[in-house]
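You will see chain A twice below: alongside chain B first, and alongside chain C after that.
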Partner chain A sequence: MPFPNVRLANRPLHFIYLCDCSGSMAAQGKMQALNQAIRQSLPGMAEVARQNPEARVLVRAVSFADRASWHIAQPTPVEQLQWVDLQAGGVTAMGEALELVAAELRSPPMEERALPPVLVLISDGQPTDDFEAGLRSLLRQPWAQKAVRLAIAMGHDADLEVLQQFIGSDPGAGGGLPAGEVPGASGQAPRHRPGKSPRRPLQASNATALAQYIQWASTAVVGAASMPASRVAGATADGNIPLPDLPPTVMDPTDDVGPLVW
Partner chain B sequence: MTWILPPGTSLRCEGLNAPLQVLRGLGGGTQGQVYEVELAGERLALKWYLPACIARDPRLPLRLAESIRATAPNDDFLWPIALLRPELESAALIRSREPGFGYLMDLRPPGYVGAHEHVGGHLAISLRNVLRAGFFLADAFHALHLRGLCYKDISLGNLFLEPASGRILICDNDNVDVDGQDPGSVLGTPGFMAPEVLLGQARPGANSDLFSLAVLLFRLLTRHDPLRGQLELAIRCLDEPARRKLYGEDPVFIFDPADARNRPDPIEHAAALLTWPIYPEGLKALFEQSFCRGLRQPGQRALTGQWRRALAAALDQRQLCPSCGQETFPEPGSSGTSCWNCGTALPAPLRLQLPHGQVIAAPENALHPHHFDPLLEEDLRRPLAQVEAHPSDAGVLGLRNLTGERWIAVLGSGERVPLEPGRTCNLAPVRALITPAGPIAVLHPGRP
Partner chain C sequence: MVSSGASPAPTAALHCSRIGAAHRRQGRPCQDFSLSHRCHNAAGEPVLVLAVADGHGGARYRRSERGSRLACELAIAEVERAMGPRATDEQRQAGQGAIAADSADLAHWRRWLAQELPEAIHRLWLEAIAADWERDPEGADPCRPDPYSLATTSPAAVAEAPEGGCAEGFSPLSYGTTLGLVVIGPRWWGHTGLGDWDLVRVEAAGGGASLISEEPAELAAGEATCSLCQRQAARLFAPRSGLYPRREGEAFALVLSSDGIRKSCATDADFLALAAHLAATPAGESELLESALDQISREGSGDDVSVAIAQLGVAPPDRAQNQDRQIQPSQAAAAPEPPGSGHWRGRYPVLLLALGAAVALGLALPRLVPSSRFTDQDPPAAPTPATIPPPTPGPSPAELPLELQARLRRSIAQLCASPASIRASLKQRKSQSAGLATGRLQARQLQRNAATDPLGALLGTAFLAREPQPTLRPLQALGACPELEAALAATWPAGPADRRMGPLPAHAGPAGSSRPTAPPP
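Entry: the complex of A and B
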């Protein structure tokens, strides 16, 4: 006779993509690259979800251009998710996208008990609406404060400061300037911080890097937020979820030669 | 997945005469990536570490070299075979800023699935095989600890099961270290870590392994977590601080007889409430020992030998419900026990009395050498006999002689019938069996 038909009680893990679909994303195949990267990452994400019996991974997506709207409105179990391609065109209503997510992180509709949500913001430009107001209303939600917030900058025109504000302050940076090593208008010297960090915007300068970051967010980060991973001594314990290492820097012949696809 | 060793690469490593062919990537995590490789015609698995992992854990190559020298404690470990560093000209083929190193091990044989498949309810497995898996797990830790080693980071993620047999494989043996030696970098996996390790008061070692083993056994046997009851329901967002409280600062066993604060919720934690009553008292007592006193007193946790004994004894008690066929584990000599599944009163079973123990005659229950010799440790790998139902009449129970020697069955009439190796005798007319290992008395219910 089989083991009784019971299973570990689990909690929902809401994973929400916020995707920039402004007109500039149409250039040099960026929109297609993002669609591909997300689509390719889904089998790995489903596998991680299955390996974490404590979590029920539910995916949604917001797209923003002239307006923000739910691209996938229904929290969808990752194994059932069919990614419909995003289309580029318009300006960058990023603030409105944050408002949409804020409304969904209110309780209700949020469940009473859940795992920390994962929010992934992907952008190639500057917000054209009131980003600050959107961020304020997002961060008023306790579930948004608890969320793992990641940002991916596509290409070199993304507003890294805005993305850093979305993530929150980088504890490794000692305050001040966000990522990007851009000397500020204040004349500050560029800060040289060692390596990349998931607490700073991840800069995807080509399609390969983008795919790697999307895959990392949808597998390693989902794993960390749903079931704790093995711990090592001396690891930084900042944040309410310890973030996994970023994907290894692969020595690719296409690396460091500047934009390839866009 | 971006593979740092691209499939098709031929890698020359220090100390190897032949090049290593990378066939395909099998998987990857935050530590490294695992590949199927071919070396001199043999298929093996290769784990290659990521630079970040190597930088965090400077003692890793030393520990691996020691484990390789010590060899595996038993067959249930996928143990490192050889530490590999690329030769200079091959280092350039590795798509990483630093070439790093890796180790070879055997491939995981087909048929083994991750233990999370069972806990997640995706697997059909019998209670017998879950108990057997628990036994093999305790046995593997027993062998490891007897060598003076400790595992440090056991969790569902590094345990694999063969559902059809209950056999196990323990993977990711790269944290294994001499107990109490220089602290390595790994602390364990929250939810499986002993409270004193989670709180930073102690480093992982054999005592914290015992806690992790108890958690893993509990999760295999109940598909639930030993510390998640009402106190978990009070937590809205299950994040790091919440886990720290639940598993470190204020852990309470959900079935603690003296502290009812963390009882399972009938809806949210139904799995625990359904499965816990299935198991014999002797087994439940070890969980209480490990998760009540043992939570804060590492020296009080149930030992590997105690787990082996209790799990082997539970298997000996296994009886099938005559009504629903479900596996039950009534206390020996008890009467009036009813089936946990359908409530039917369980009849007194046919029992086999051995020089050292008693086994209920239920299909698949087995007699082992430790049933005959009190000096032998419990071992399920070399059964001497197994109870089987007749292929065309399930009501007829027989005992199959699995040894290479002839046994004698003594019938109620006094007649003696030989039982050749591999043959099965109907137990109904049999009073006793004479075997080279020792006598087997067949105790029929209701007969003097």
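Entry: the complex of A and C
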């Protein structure tokens, strides 16, 4: 009784960066820090992918300034990815970037069996186009609703409210757990300090913190999303997947120093 | 044609659960569980029960492998108790459909599957996990947990309850699991459960495979699923419940599987083909099934994988040879045209993949022997033609796109949940009904709009089912209750605007029930 000619497949995990490339990113080495952080995170991401063969980690990136465009248009296996530096200049067409991603999260082209995508929005400012329309378009897609949506604010000029809208409501903000507390994937009591949560914009005030957030998103979060554990519908504290603990430095503000302060 | 007596007993059943490749690598236990079990109803007729449960994988569901095992065992025990001779006279007199021995009252059994059985399973499961915790508590402060108080707490609140102490340490969440259940009696078969399991029906003789039940997307998102540990768990069974009369001469297999199998397949067409392959596993070859499941997990999702399979209406080969001579002319004359006939043929090429795989089932079914796990319990098989007859006429639901099937099933289930309001619901669609009859509306366009107008899609499908041979069989196979069939049959009476279509046949007519009633047990 030979095995039938059916296509068994590991499940694609789409990881998409949405990178702010507005003119302000050129200041204080922010763009350079972002390029470096992403490039340095790739080996770790590839290792996580290797350890989870049931997931096929595919990376893409959108850049947005005056207009939004695909920086890496093809879903690229992380082990084959070579990061080409982003360049800063222009305004902040964040809404258009969300529209671009929304189009790619339709089914098709999204596969029936894909894992929840991971979307990482990185910005240092405020959108200059119709962000609300872009977000509405994005969240109309079921795959966007299922996605793990993370946001990193570079510096203190970033519009945290907009980034929080992208992430969605923070279940830790009301009732249940104290603000900022989320259960860790380890099952242990969460170690996040109040106010720090992956369900809120992660504020990077220097290159070191940015690198740690990017590393966390591209390894710990990818690892959690690669082997999703089934869970109870309605357990809102989990979001779409139980997120891993934030990197240790984020929990200790005294570590949050670096050569640049944005 | 509905069986006027008992349909042939299921001739084979098998089940298997295998630890997923990822779980094995991570040193985690298999959190799936599956069972198949034969018992008898109060009349002594054979009943087959399949169960598959998938314990949640998150860290907080740390006893989910116990939860899934208990769910399967308790569900099967409850089915056996409710259908079997151990039911009390008082319960019978109370008119509980669950107690009557395979009653002809299909509506009664439908309600049992959707409401009464789920409530019993949920209650028993909560009691069992509380007892399990009491026997084997975590932490140093064991005390008696109260499963009911926790079960009335919202899942999110339970999930977020702090650790430590007895009341805080025990939570139904720790045992969280899905549950899929199939009950096969002599005159009907049905399914119920909650969570992300799948149920596929594979026709014999290359008749195709179709997805009978899947978790509605609106009930769960992403990797989330409905669970027995939820407060409202008993109510979550209804959307996954369905009941179908067994018909004379039918030969098909049912494949109940945990989500790890479907998620290992590139597409739904691959999943259906794989289900057809698994359905053809010879019952005595459990190693073949284990090997196949291991390969599925290894090359696919990495998740635990479970399957429970029943083959219906097929006699063991030794009996089949003797029964060749028993085929009566009336049976041959009643043999309907093969599936895929008429205007449905070739409309949905994606399902042809599954048809091809189902041929393997057709070839393999005659080789089936009673399940090795239940051989000595098998009741005698009823007389069955050795040559598997082709399915009954009209377009098969297998020929409808999967998404449309799912939406039709949900729409049908909603309508049949309130039979008294069916006609009122259809009356509101007089414009669509008239449009179909006059040609102003295209039935296939209504089917394509199923996502936004499932009732319109149902009307379109019912309308198409009247051509070229008037029959509502596709809707019957999708779980339509007699009241719905009757109402649909009355929707397009033959008239000047519809001269080319005669009235619907008597068996689908509006006389209360479209199906001959089964005899009392």
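We take it that the second predicted complex is superposed on the first by the 211 of 262 C-alpha atoms of A that agree within 3 Å, B and C clash if a C-alpha of one lies under 4 Å from a C-alpha of the other, contacts with A are read in each partner's own complex, and residues count from 1 in each chain.
In the analysis below, a contact is a pair of C-beta atoms (placed from the backbone, for glycine too) under 8 Å apart; a residue touches a chain by one contact, two chains touch by 3 or more.
Owing to the predicted nature of the structure, the values given are computational and were not obtained by experimental measurement.
Contact with chain B, but none with chain C, is seen for A:R50 once the two complexes are overlaid on the shared chain. Of the two partner chains, chain B and chain C are each touched by A:K146. By the touch criterion defined above, A:F3 lies against chain B and chain C together after alignment on the C-alpha atoms of chain A. With both structures placed on the common chain, the touch criterion links A:M154 to neither chain B nor chain C. In the superposed pair of complexes, A:S230 makes contact with chain B and with chain C alike.
Looking at the shared chain after the overlay, A:A220 reaches chain B, while chain C stays out of its contact range. Looking at the shared chain after the overlay, A:P244 reaches chain B, while chain C stays out of its contact range.
When the shared chain is aligned, no partner comes close enough to touch A:L202: not chain B, not chain C. Overlaid on A, the two complexes show chain B and chain C touching the same residues of chain A, namely 1, 3-9, 11, 52-53, 112-113, 116, 142, 146, 227-235, 237, 240-242. Those residues of chain A that touch chain C in the shared complex are 1, 3-11, 52-54, 111-113, 116, 142, 145-146, 171, 176-177, 183, 185-187, 189, 227-238, 240-242. Of all residues in chain C, those touching chain A in their complex are 21-22, 26, 54, 56-62, 154-157, 159-160, 162-163, 173, 176, 178, 196, 217, 219-227, 229-230, 259, 262-268, 270-271, 273-274, 276-277, 280-282, 285, 288, 292, 295-296, 299-303, 357, 360, 364.
Those residues of chain A that touch chain B in the shared complex are 1-9, 11, 44, 50-53, 112-116, 142-143, 146, 208, 212, 215, 220, 227-235, 237, 239-242, 244-245, 247-252. Against chain A, in their complex, chain B makes its touches with residues 1-2, 4, 29-31, 50-53, 56-57, 95-97, 114, 116-127, 130, 153, 155-157, 183, 185-191, 193, 219, 223-225, 228, 233, 235-241, 243, 268-271, 274-275, 278, 320, 324-327, 341.
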